[in-house]
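Chains here go by letter, A, B, C and D, matching the order in which they are written, and residues are numbered from 1 within each.
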Amino acid sequence: MSALPYTIEELITVALAKSFKDGEVGFTGLATGGAAALYITGIPLAAMELARQTHAPNLTILLAGWSINPDFSEIRNLPSAEFDSGLQNLPCEAQMESYPGPYAVRRGDVDFGFGSGVQVDRAGNINSTCIGDYRKPKVRLVGSILLPEHMTCFRREYIMMPHHEVRSFVERVDYVSGVGYPGGEAGRQALGLTIGGPEWIVTPKCIFEFDRVGGRARLRSIHPGIGPDDVRRSTGFAIETDGIPTTEAPTAEELAILRRKVDPHHALIPHGGE
Amino acid sequence: MSALPYTIEELITVALAKSFKDGEVGFTGLATGGAAALYITGIPLAAMELARQTHAPNLTILLAGWSINPDFSEIRNLPSAEFDSGLQNLPCEAQMESYPGPYAVRRGDVDFGFGSGVQVDRAGNINSTCIGDYRKPKVRLVGSILLPEHMTCFRREYIMMPHHEVRSFVERVDYVSGVGYPGGEAGRQALGLTIGGPEWIVTPKCIFEFDRVGGRARLRSIHPGIGPDDVRRSTGFAIETDGIPTTEAPTAEELAILRRKVDPHHALIPHGGE
Amino acid sequence: MGRTSKIASLQEAAAIVRDGQRLALGGFAIYQRPMAFVRELVRQGRRDLTIVGVVNAIEADLLIGAGCVSRIETSYVGLEKFGLARNFRRAAEAGTLDTVDYPELIAWDRFRASQEGLPFWTCTFLGGSGIVEYNKDIVPFDCPVTGRKLWAVPPAAPDVVVVHAVMGDEYGNVAFHNRKMLPQSVDITHTRSCDTIIVTVEKIVSGKEMKRRPDLVEIPALRTTYIVEAPFGAHPTSLLGIYDCDDDAFLDYAAASATPETFGTYLKRTVHTPGDHAGYLAELGVERLLALRNVELPA
Amino acid sequence: MGRTSKIASLQEAAAIVRDGQRLALGGFAIYQRPMAFVRELVRQGRRDLTIVGVVNAIEADLLIGAGCVSRIETSYVGLEKFGLARNFRRAAEAGTLDTVDYPELIAWDRFRASQEGLPFWTCTFLGGSGIVEYNKDIVPFDCPVTGRKLWAVPPAAPDVVVVHAVMGDEYGNVAFHNRKMLPQSVDITHTRSCDTIIVTVEKIVSGKEMKRRPDLVEIPALRTTYIVEAPFGAHPTSLLGIYDCDDDAFLDYAAASATPETFGTYLKRTVHTPGDHAGYLAELGVERLLALRNVELPA
């Protein structure tokens, strides 16, 4: 990777940014600590801001769900806590002071969100609740949190997986915290779900998209420098790697805007080059 | 009446005050103009404050539903508007700034309220919606407003009728804006109503209470100086006037507290004597 | 690429309301009503509107008197201390207006149902009322948990919501009073219940100025369709802390609405002849507007 | 007759919680938790509690680790940046804790259902989730209006609610921050969902002082059962604008909860040995508390 003039995080950031349309509303939580924070918060914020500064000036950022269009160009580090004065005093356009707040999440106000879990399966279900049987779990995790809403009330979800490993990419999750495409779009309809569902699964190795008829994850692109075998070996469900394009490299101009205007203090993601 | 050392409003105020228990929560709207304002706002406020200053120091006043325990000892006139700066700046303990507010009306937080209408019937139903057939009304009035909630979510309701006339006291209201005791308490249960209902009907001539088994208004007391015939002739449904006691006259001490401490500037009700 | 301005003229904004739509007008009773917008709707001759509201007053009565409304769903139509809403009353009695009654809190909850994307709001206390006797949009059902008798109340489902507020920016961020009262609370709920939101404001300020108090921005730009500058846009109703109710104008209205004829003359004088909101304000005159204004020492 | 004071000691207030009750503890995640109250419950050896919450953290994990809890209904139990809630995890894996999962917004709506006196809250989006697969308290039903598949979610129905706030008066009027964040919003909803409300506050002030900002009183006296003065009562969690999160204390907690044995030692050291909240604060020491304190220039 070191041969590339950009980091994998920059690659993903640019790919995400290009997928956002002008006028959309994007929601991201404030995760803290290491790779999770990078994939759930840093990359999404950088991607949304890059979109705002290029083709999507009317995109709305919902940071931690409640700080609307925050201005983080001056910060040196992401705040480490959601509900402390630091984030309260981060300049922004509007704040949610009470629930339910100034956007109507269950009317479909949120176009896309970013979520993660310890497991994702081929149907795009994600799990943040437990490993093993729910009633007698091998490992009990934090719970579903907002994932049910991410996967059914938002219009689409980017599943962000900081570790692409067989144990995380499974045939069937042990618990469905957020529901994907079981049975495809018809399956979601039958479950009473009218909008939403996973759009991509983003990993350090590749990007998945979904066959919405069959309800199966399939590769959309493999990152530069990553071999198809590596991707197959890291994924616990069968995938086709033939003919999958390489994730489009960011242009020099995109990188320049990202590094100089979006994240000048490297507070959001690691940067390469220069 | 002029022979009495108190006004009819003072008489009613004291009778009401005595019926409130310590710790209860009373709700009254802010009506404006003449007799309606007196019966729906002035008398209730005076009665609740008298109770607070005598046997019920923990009684809570909800003025206009949103100003909690207002201090009106300094005002010369009741504010004429609910949502202007005047009432916003009236000293109080708490204010409701948004709906649903700081008390849980549908959990039963409100012990009693005061309501009125153009018609009340023998079952205690009240009507503020129309005269004649609802679908082709002879007179269309303002609508049900909060009366449905008064008569079903509050634990009891004092129906305040500033005019005691045959046309207002009818056998059956033309429209049930607030439901009384049709079929008695059993009737209310069958309608799915678990709490509440009319307690008294208060008029310039008398006070009604309810036979809760039969679901019928009956006289509780007739005001001093009013003849039983007068009450019967003014009431459009049959009532028994034999053996009905006279409404208890206020004591000198009660009148003194009412006039000097509760309403020193005669902002709430007309006062007699002195 | 630059960010899109959502500034529109009153004419442009009113033009997106179509005949036959469901319209919710912000404010509560005789407070903070988007009256400049209402007058523009009358000028544009909109017809067959359904007004969906909580507690309605002059904003509804004026539209009814101008022949714009065929149906109203609310808990109250009246002018409070200024008396009955006579156009409303006449139309209801004549059978030209379909009146659909709701209890006050439930009328409010219907907007919450729309905000929450719920197919209905659950009500426990309607048994025996005229509401359920005559309002067939309310569906009785048995509680799936307790078996108790319940009623499913339909969402407000407005097609267009219009509110009048103090200030906003060109992108459509709109701030509300720090100390709110219920009219402001109604507005906030209204603007979350619908995807076409028009906000008229006393003043459009810069985005930078708005960013000083992001905690007071209750309508974020993402929810706003149009923002319209309409100073004294609530007149003759009050705007809390900005200007008082114009009692004389209300008395004039109440008297003029006594008959269809006198009300026609009133509409001609106050709505059509002035031609637009600027003309309306000019007609009122500087002295009168300034007398209604609230002033306080800058913080 | 004088008005009744609702002031109680922490011991008196905690004593009204009975074994087996449903308890909701204010705050959100690792923010503004009524920790002084929680520690007193541990001292009193309460058992078999059900914690009902929205997003839970140390307040739940501590009670679980102390053996006070047999069931928890929530969307999350964890320590955010301080890691997993290890007592919770251990108890869930051992089968000694009944875990009942809800989505985050629905966990919040359950308190709204209690506030509104509704027999259930309607949810539209649970199909296919583990939530409905395993949580049998959620009842599927067909929409009485549209026929659409829906779920009836049970109200939170807490028996006792405890929140920690900045200030209140002896009658139980409690004020909240002018600029709120979601932990304050949770507290406000919690205190309207139940009829037994205990509020611990940093300081009890005079009723006269409280009357200066009636608009900030979100818990009126009528809803308060007990008010308890407990300075730094949220420690080690933060109280917005008053003191910061004590990161060292959290790291100590996280490390101590690694095993039942080390956690037993931790409870002895921080809960039982200090004897009461004053002892707990004395143990922390003046220097540490003042270092956590926020100060700003008086207005």
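Definition applied: contacts are C-beta pairs under 8 Å (C-beta built on N, C-alpha and C of every residue); 3 or more make two chains touch, one makes a residue touch a chain.
These figures come from a predicted structure and were not determined experimentally.
Chains that count as touching both chain B and chain C, per the definition above, are D. By the document's definition of touch, common neighbours of chain A and chain C comprise D. Chain pairs B-D and A-D differ in how many C-beta pairs are in contact, and the one with more is A-D. With centres defined as mean CA coordinates, chain D is found 39 Å away from chain C. The mean-CA centres of chain A and chain D are about 31 angstrom from one another, to the nearest whole unit.
The distance from the centre of chain A to the centre of chain B, each centre being the mean of the chain's C-alpha atoms, comes to 59 Å. With touch defined as above, residues shared between interfaces to two or more other chains in chain D number as follows: 117-118, 124, 148, 150, 179-180, 215. Each of residues 95, 97, 106, 153 in chain B touches at least two other chains. Taken as a contact graph, the chains fit none of the simple arrangements: neither line, ring, star nor complete graph.
Working note: touching chain pairs come out as A-C, A-D, B-C, B-D, C-D. The residues of chain A lying in touch with chain C in their complex are 22, 25, 54-58, 60, 67-69, 91-95, 97, 100, 102-104, 106-109, 153.
Here chain B touches chain C in the complex through residues 32-33, 66, 80-85, 88, 95-99, 105-106, 125, 127, 129-130, 134-149, 152-153, 175-179, 182, 187-188, 190-194, going by the rule given at the top.
Residues 1-4, 114-118, 171, 173, 192-193, 195, 207, 210-211, 214-215, 217-223 of chain C are the ones touching chain A in the complex.
Residues 28-32, 55, 74-78, 80-81, 84-85, 88-89, 92-93, 95, 99, 101-106, 108, 124-131, 133-134, 148-150, 179-186, 188-189, 238, 240-241, 244-245, 294 of chain D touch chain A in their complex. Residues 117-120, 122, 124, 139-141, 143-146, 148, 150, 152, 154, 178-180, 215 of chain D are the ones touching chain C in the complex.
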